[in-house]
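As structure tokens, here come the structures.
Shared chain: chain A. Partners: chain B in the first complex, chain C in the second.
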Partner chain A sequence: MNQRGGWALIKSTWLSWMQHRSFFFLLAFMWMIPPLIYLFVWSTAAGGKTIGGFSRGEFVAYYLVLILVNQLTYSQTNWTVGDVIRSGQMNTLLLRPMLPLYDTLASEVAGKVVFMAFMIPVTAALALVLRPEMHVTLRNGLAFVPALGLAWALRFFWGYWLALLAFWATRADALLGLQDSLVFLLAGQVAPTALLPGLMREAATVLPFRYMLGFPVEVLTGQLNTVELWTGFTFQAGWLFVALLLFVTMWRTGVKRYSAVGG
Partner chain B sequence: MRYLRLIGSFVRASTQNELAYRANFWISLLYALLNLGTGVLGVVVLFSQVETVRGWDLPATLALLGVYLIIGALRNLFIGPSLNALAGLDGEIWAGKFDFTLLRPVDTQFLASLRYWRPLALVDLVLGLGVLGAAVIRLEQSLTLPRLVAFLVAMGAGVTILYAILLAFTALFLWSPGFLFTWAFDAVFQMARYPVGLYPGWLRLVLTWVIPVGVMTTVPAQALAGGLSAGTLIGSVALAVGLLFGASALFRLGLRRYTSASS
Partner chain C sequence: MEDRVEAQIIVRELCKVYRVPEREAGLRAAVRSLFRRRYRDVVAVDHISFTVQTGEVVGFIGPNGAGKTTTLKMLSGLLYPTAGQARVLGFVPWERKHDYLRRISMVLGNKSQMLWDIPPLDTFHVLGEIYHVTPAELKQTLDELVELLEMQELLTKPVRNFSLGERMKCELVAGLLYHPRVLFLDEPTLGLDVSMQGRLRRFLAEYNRHNDVTMILTSHYMADVVTLCPRVILIHHGRLLYDGELSALAERLAPFKLIRLTLSNERAEDEPQLPPGADVVEQESGRLTLRVARSEAPSITAHLLNTLPVADLAVEDPPVEAVIDQIYQEGDV
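== the complex of A and B ==
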């Protein structure tokens, strides 16, 4: 695709999103609440003691980072892709001389900027009130960047291939709800992965969901040793490969089946 | 009598409407189960690490979760869909279709609150009752008649408070169409899945006095698990009555501002 076209797309999407910023601030607020609840619950439960090695301040730090990472990796566009297919608006996108994927990416970039305009001040204010405890080492800080990037890519493409099921079934978006629940349970939202009971912890390590959200947070807050770090990256890259493969397959077969609306 | 007959026909019409979309049943069931699963596992994970938090143990917190699910189900059964048709995204106030509702020869608040029903929410209601039942069996205190009466009174107050808040937000929509107050409320309402005592002091005050979602679930759960004082019960009933009158007055005041949607 040509770069000027892509840039214009991002800019126009961003400008139109800023028009509706109060709506998106509201969405960001809604997405912030579930991890915030667990921040309060766990830090109250910890009190002056530690739970599984976490002190009160460490819970606060973990969840504040998680709130930001969650916002950065959550692909709200996964929900709209299905809508576009169902309503037949995909026609317009398919006629453009570039993949509709770029349109989704433009919304992603635009969305992240708008959401961060809300999230960064709010998280900073919360940090002032709740006093987190965090010691970032250089190694963890450096490892966090690729972990975050891979987490975003994995969550984006994983949700995208699920959304593409709309080519076959109109109500496929129900699966996105299932995906959100699994991310909630297994990706470190309900509790840091280390605190999950046996079976859930094993499932979290093997399944892709932790690598969409919990893993980069654990990296930055320094919960992982070198072996765990590399195992994590291996799982993350492996699942990203699977997600990309599924996305390409779904897209190629789906778009051939697509016959707009009412056909 | 006439109003009861009207409610009967609203329920019938809504049910027929919903039965037309059979796939929705399975999707509602999926979402109900996900809601149940994430809720229960959230509580179980917490209490796999600690015995009690601020006097709340596993059965008591589960009972509270049951109350939360029941109140949420009642909301989805009729309050939610009716008020959402008015002030939701593309609601009647926004689209100007509210004119036709105002012209009907019945009380507008009655019509606006009870018009649409969502019988599928009965699934959530059954699951909520199940959680509550399972928790009550495990409670240390046995269920006596006074406790049951106190619980039912507290539940009545909780549902009334929920209705009053939602009605008030619907009324505010008449002043500021475009801001989805109910969405913001949804986010805060989620905090009611844990006892207010688990939140830090300032938030506890907000959840008790400013947006009293804490009162809705904590007070009924306390009635079952013990630790409810007569003063708190009377206070929550008084709060419910006060909010109901306040919200109704605000709604009537808002109606006078409504000038349809054309420019």
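== the complex of A and C ==
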């Protein structure tokens, strides 16, 4: 572990990113559009009634939390890992006495700070206008923190091992696009998981995607009883273990195959 | 192994084979390759062996695709070899132990480790942290390097705005600020103008003299090799063709010398009487270039001085570029 170097990298990446903050603000705005659309669709559909137990205000609360959680767990850096391998820029990272993973983590942390500088005021303004209904209990508030952390780790490492396929196939990033689509469908963006039709709901419960995004939102908005909460944590931890295993295997075998492009 | 104890780089039968996909041109071949891919083995480095002692500067030369950079990448731990062994500073490079990476540096002329959007000083501080250099040590090293490379004014400008030469100076500082013991330089003067090339060469020579750092350098500019490397390793098609002094290589390949002489004005128009064994290569109003066998150069020179009104005379080796070109063309020494 090289924590000194890792921390310095985070600081410098953050400085570097702040040079282009308007670009990242626009990216953040782009990413919040799909959940915002579904916020309006569901809250309008609910009107004065409830749909599947959700009132208008609860849909608003669900989607506003989802917008923040999506932004916090989305690993935009996964997209650059494949480029770094393909273009040979990995050479520079492999020559340092530090795992190249640190470099990606530095971008991840730096990115979150820049994105949140935009997202928090925007979501707060939306909350003032749209009047969400949410009663956070102490249990849900406390459970949300590890659920969010695990969701980020799962989404990050799942994307990272897919990105590492670039050691073998030049356009492995297509799989990241597939991951994004599955998160969109099964992780509570199109609709809260509880409202998905039978087979899709079962798939969402078993597959890793809900645990990357929807699960922490459901925890905070109080949709889960104690059994569902612990089942969710078990799935989340289990899938994270699988993701880490795949990441370590891909990294070790991939780096031996690396052909250090150029020259 | 019989290598001397102080050998810092020991390479034995090192070999690298790349497996590259190939297909013929055209749509049909493209569709066929979707279902059945054909591969070809390309031998980039073919069982080469050598050792390098502490403080030596070795020029690694060969035509494009000879296997120079592949060898350097294996020695710096970027590539796993297909076969063979190597030890650098007692480490197996491709195990990429952090203790090893802290002791070596690889400067790639065509790749940058600088962060483009921030001034180089910020990147240097990050690298200082990554390599665990204390702030006081970092400041002292930076001051020295910045002075040697005359780049004080660059430290606070974003790297994005630098010229190639300015960026290369930064790459060198980045590669040296943690005092590596072994330096791999891959085309460090690539694309630089003549005066910048000269300045970097002087810097590297001085740095090697003061710090006793072991260097392996690849370059297509023979001036880099002639100025910096008393010893060259020449590879071609992945095979080691020559390992020794550059001057000895020239002697072996070009068993002749050139005598350039200028005759005094009053006799310049006459046809000079030349001794046997002196062939005229160039002749132009009183100036002559003669080619003579190495062994006969002293006697022919004496004869010329005694029999002709010589205003000026110089005995030279043929240009090193001509010698190297001969090897590249013939593929053998």
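The rule is short, and it goes like this: the second predicted complex is superposed on the first by the 260 of 263 C-alpha atoms of A that agree within 3 Å, B and C clash if a C-alpha of one lies under 4 Å from a C-alpha of the other, contacts with A are read in each partner's own complex, and residues count from 1 in each chain.
Definition applied: a residue touches a chain if its C-beta (ideal position, glycine included) is under 8 Å from a C-beta of that chain, and two chains touch if they have at least 3 such contacts.
Bear in mind that the values here come from a model prediction, so they are computed numbers and not experimental data.
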Chain B versus chain C as contact partner of A:94, first or second or both or neither: second
Chain B versus chain C as contact partner of A:79, first or second or both or neither: neither
Touched partner set for A:251, first chain B, second chain C, both or neither: neither
Touching partner for A:233 - first (chain B), second (chain C), both, neither: neither
Contacts of A:200 with chain B and chain C, given as first, second, both or neither: first
Set intersection of chain A contacts, chain C complex versus chain B complex: none
Interface residues, chain B side, partner chain A - complex: 23, 27, 30-31, 34, 37-38, 41-42, 44-46, 48-50, 53-54, 178-180, 183-184, 186-188, 190-191, 193-194, 198-200, 203
Complex contact set, residues of chain A against chain C: 2, 4-5, 7-9, 11-13, 15-16, 19-20, 88-89, 91-92, 94-98, 256-260, 262-263
In the complex with chain A, residue positions of chain C that touch it: 18, 68-70, 73, 76-80, 96, 98-99, 101-102, 105-106, 108, 110-113, 115-118, 122-123, 125-126, 128-132, 158, 186-187
Complex contact set, residues of chain A against chain B: 22-23, 26, 29-30, 32-34, 37-38, 40-42, 44-45, 51-52, 130, 171, 174, 177-178, 181, 184-185, 190-191, 195-197, 200
